[in-house]
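See structure below.
Read from first to last, the chains carry the letters A, B and C; within each, the first residue is number 1.
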Amino acid sequence: MATPLVVSEVAKSFTMHLRDGIRLPVVADVSFSIKAGECAVLGGPSGAGKSSILKMVYGNYAVDQGQIIVKHGDQLIDLASASPRTVLQIRRDTIGYVSQFLRTVPRVSALDVVGEPLVARGEKREIARERASDLLSRLNLPERLWSLPPATFSGGEQQRVNIARGFITDHPVLLLDEPTASLDARNREVVIGLIGEKKKAGVALLGIFHDADVREAVADRIIDVTDFAAGKLAA
Amino acid sequence: MMTDEPLLRVSALSKFYGSRIGCEDVSFELWPGEVLAVVGESGSGKTTLLNCLSTRLLPTSGTASYRMRDETWRDLYRMSEAERRFLMRTDWGFVHQNPADGLRMTVSAGANVGERLMAVGDRHYGNIRASAVDWLGRVEIGEDRIDDEPRAFSGGMRQRLQIARNLVTSPRLVFMDEPTGGLDVSVQARLLDLLRGLVTDLGLAAIVVTHDLAVARLLSQRMMVMKDGRVVETGLTDRVLDDPRAPYTQLLVSSILQV
Amino acid sequence: MTMQATDIATYNFAYLDEQTKRMIRRAILKGIAIPGYQVPFASREMPMPYGWGTGGVQVTASIIGPGDVLKVIDQGADDTTNAVSIRAFFKKVADVAVTTETAKATIIQTRHRIPEHPLTAGQTLVYQVPIPEPLRFLEPRETETRKMHALEEYGLMHVKLYEDIARHGRIATTYAYPVKVEGRYVMDPSPTPKFDNPKMHMSPALQLFGAGREKRIYAVPPFTEVVSLDFEDHPFEVQSFDQPCALCGAHQVYLDEVILDDHGGHMFVCSDTDHCEKRREEGHAGHLAGDAFAALQHNVPGDSGKKE
């Protein structure tokens, strides 16, 4: 069975055209792979490029060099050079993403926000809502909020909606961008539990966790991003 | 929703006004259910491009082919005017920035929605009216307003009516020219939300011309940035907005006021 | 009279010069060849204002010959100003025989009615048309309406009928009711009451339409299909009247309301005066036949009742 995610020799820099075209190298020669059922955590100080790597793997940032090979169905696809349409299909079926912040959509209830990724994959709305309810109650979001649009929720509440949305699908690869940042201890435990279940289900997880306890609890392996510092290569 | 064949194929499309460039060398493919945002400032050629694609304007060179409902591919600029007009009122929609350009202001909301049905030969008043009620509901206009003229509607309602009028024949492709352009911010949000829902539920493909990056972010999966008639950057909407590469896109993105 | 005879000698027969007639006849022939299609023509200035039938007069002048017998009606009446003037005009410039009897006429120029007496083969009905474009109500651009005709895009016509039903619960258009001719062109039948629409269908007579101000001629050749537009669940219907003509007792004819006094007194009488008189001559009588006749004499212009 192919490895779900293989990143090899990826480099990324930003060219700031508005500032006389200066080039800001971010990372270079990024290489790692994640096996099914494994949770790898990107480590290193802030500014090292953890977030950029996660965003490249999601197709949100462009890749300058290298390959990001994703097992998409029974195909191996290089996400770094894939067409936008292919990236969208990979996001729908293969790579899930739990971001730090929820981009709220006005007037859509929390339940439907959570259930949407399932509906997008052809699941019935009722079933999506059922699964969404399960997750939201596990994450201790008061039931009276479920039918409301999350725009007015507190940061912690929004994040739990976001986590539920990220965990509802059975994507074989899941990216976690500090999903526990503004959660209390009780809900952090729930997320740790959810991650454990994903691992058991054979999902390959790649995450950023600033919270040492959570990192400790979920990480099978730490990938030190400072190894990929762009300066090292240039030096 | 995703099929293996695109709906529209555009190749090296150019439109010149004399020696002045309207748009130049634009190529892309659009798949069913996909929303493409074309962004750029006034004069960037985005509206010229939209008018060429919707055959309201003939390009100077280049081709655009469309996969018809019967799966045949047709070159849009070689179709007869009768066929093009038929396409425009059945399988296509066009949402104008100013609703008055897309509505008949002197006939009732119901007739505005029903016109396309009557144009394709529906001759049952009861059925036409029932469809009108249904579509007004989907764009959140009450049934009690069905006999009112759009003149009596607010800007936001007019725009929603224009959308219903376009969608009643279940088009597969909708062109939108600054659909939220002249509206108040709160009204814009509601309309965007409605459009987003409709596009997803109906699996519509859409080409949305806008100068508003928030509109592009909310509605589209893919984006094309235009400047001086040429495409300067293209890609996934969130990629273009979060990691803009072309100098002009960086300028556009950095010019957004943060609230 | 002799003075007048020399005066009119300066006019060509039937007023228009031969080149103009030739041009108009060509337009008429084209119109006949494409039933319901509006043929542009170079409308001439006529010695009467627009709105007084300049289109119809030009058509009549182009087809009339010395042997023709002309009848002119205005809203069904032979004796109103417009009818009398046009009749007098052709008597003067073409020296043709005139009549008020539908059956005896070879050419009938009409403003807004079709006679009750069935028309026969060989007769020509010339309509005076104010606005020939049926689509103009909803689409004011001539370039666009022409295109719509060319491409047979007639959905808009039903929008108008839809509006009627939405507002009035039924198709409330009662005159200038749009028709489709020979399954192709949608046509404005001029502001005749829709009561007359069925008479156009498969008529043995030739029907010509002239719009002077708008410079359009169109035609319905004999035995042509003329179908009034409608909805499946709101089929086309003609007006019906609760009572017969007060003077001649006729049913199934188009009636006009005539005010009798200042106290709301009124009666309904045949709009087709010739038809009404014929019936009365034959001994038919409505409930107001006696006294009402006198009242009628009060209500119509001085030159009425005089039969040439």
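Note that contacts are C-beta pairs under 8 Å (C-beta built on N, C-alpha and C of every residue); 3 or more make two chains touch, one makes a residue touch a chain.
These figures come from a predicted structure and were not determined experimentally.
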Seminar exercise, completed: So the chain most remote from chain C by C-alpha centre is A
Seminar exercise, completed: Per-chain Cα centroid nearest the overall protein Cα centroid belongs to chain B
For this session: Please report how many Å separate the Cα centroid of chain A from that of chain C, as a whole number.
Result: 78
Problem set entry | Centroid distance [mean C-alpha coordinates] between chain B and chain A, Å | 32
For this session: Just give me the whole-number Å value for how far the CA centre of chain B lies from that of chain C.
Result: 47
Problem set entry | Residues of chain B touching at least two other chains | none
Problem set entry | Touch list for chain C against partner chain B, complex | 138, 147, 151, 153, 155-156, 158-160, 162-163, 165-167, 230-234
For this session: Sort out for me which residues of chain B touch chain C in the complex.
Result: 81-82, 85, 89, 104, 106-108, 110-111, 114-120, 123-126, 128-129, 146-147
Exercise. If you look only at chain B, which of its residues touch chain A in the complex?
Worked result: 2, 31, 34, 189-190, 193, 196, 200, 218, 221-222, 235-236, 238-239, 242-243, 245-247, 250-251, 254
For this session: Provide the residue numbers of chain A that touch chain B in the complex, in ascending order.
Result: 14-18, 21, 55, 59-62, 84-85, 87-89, 105-108, 120
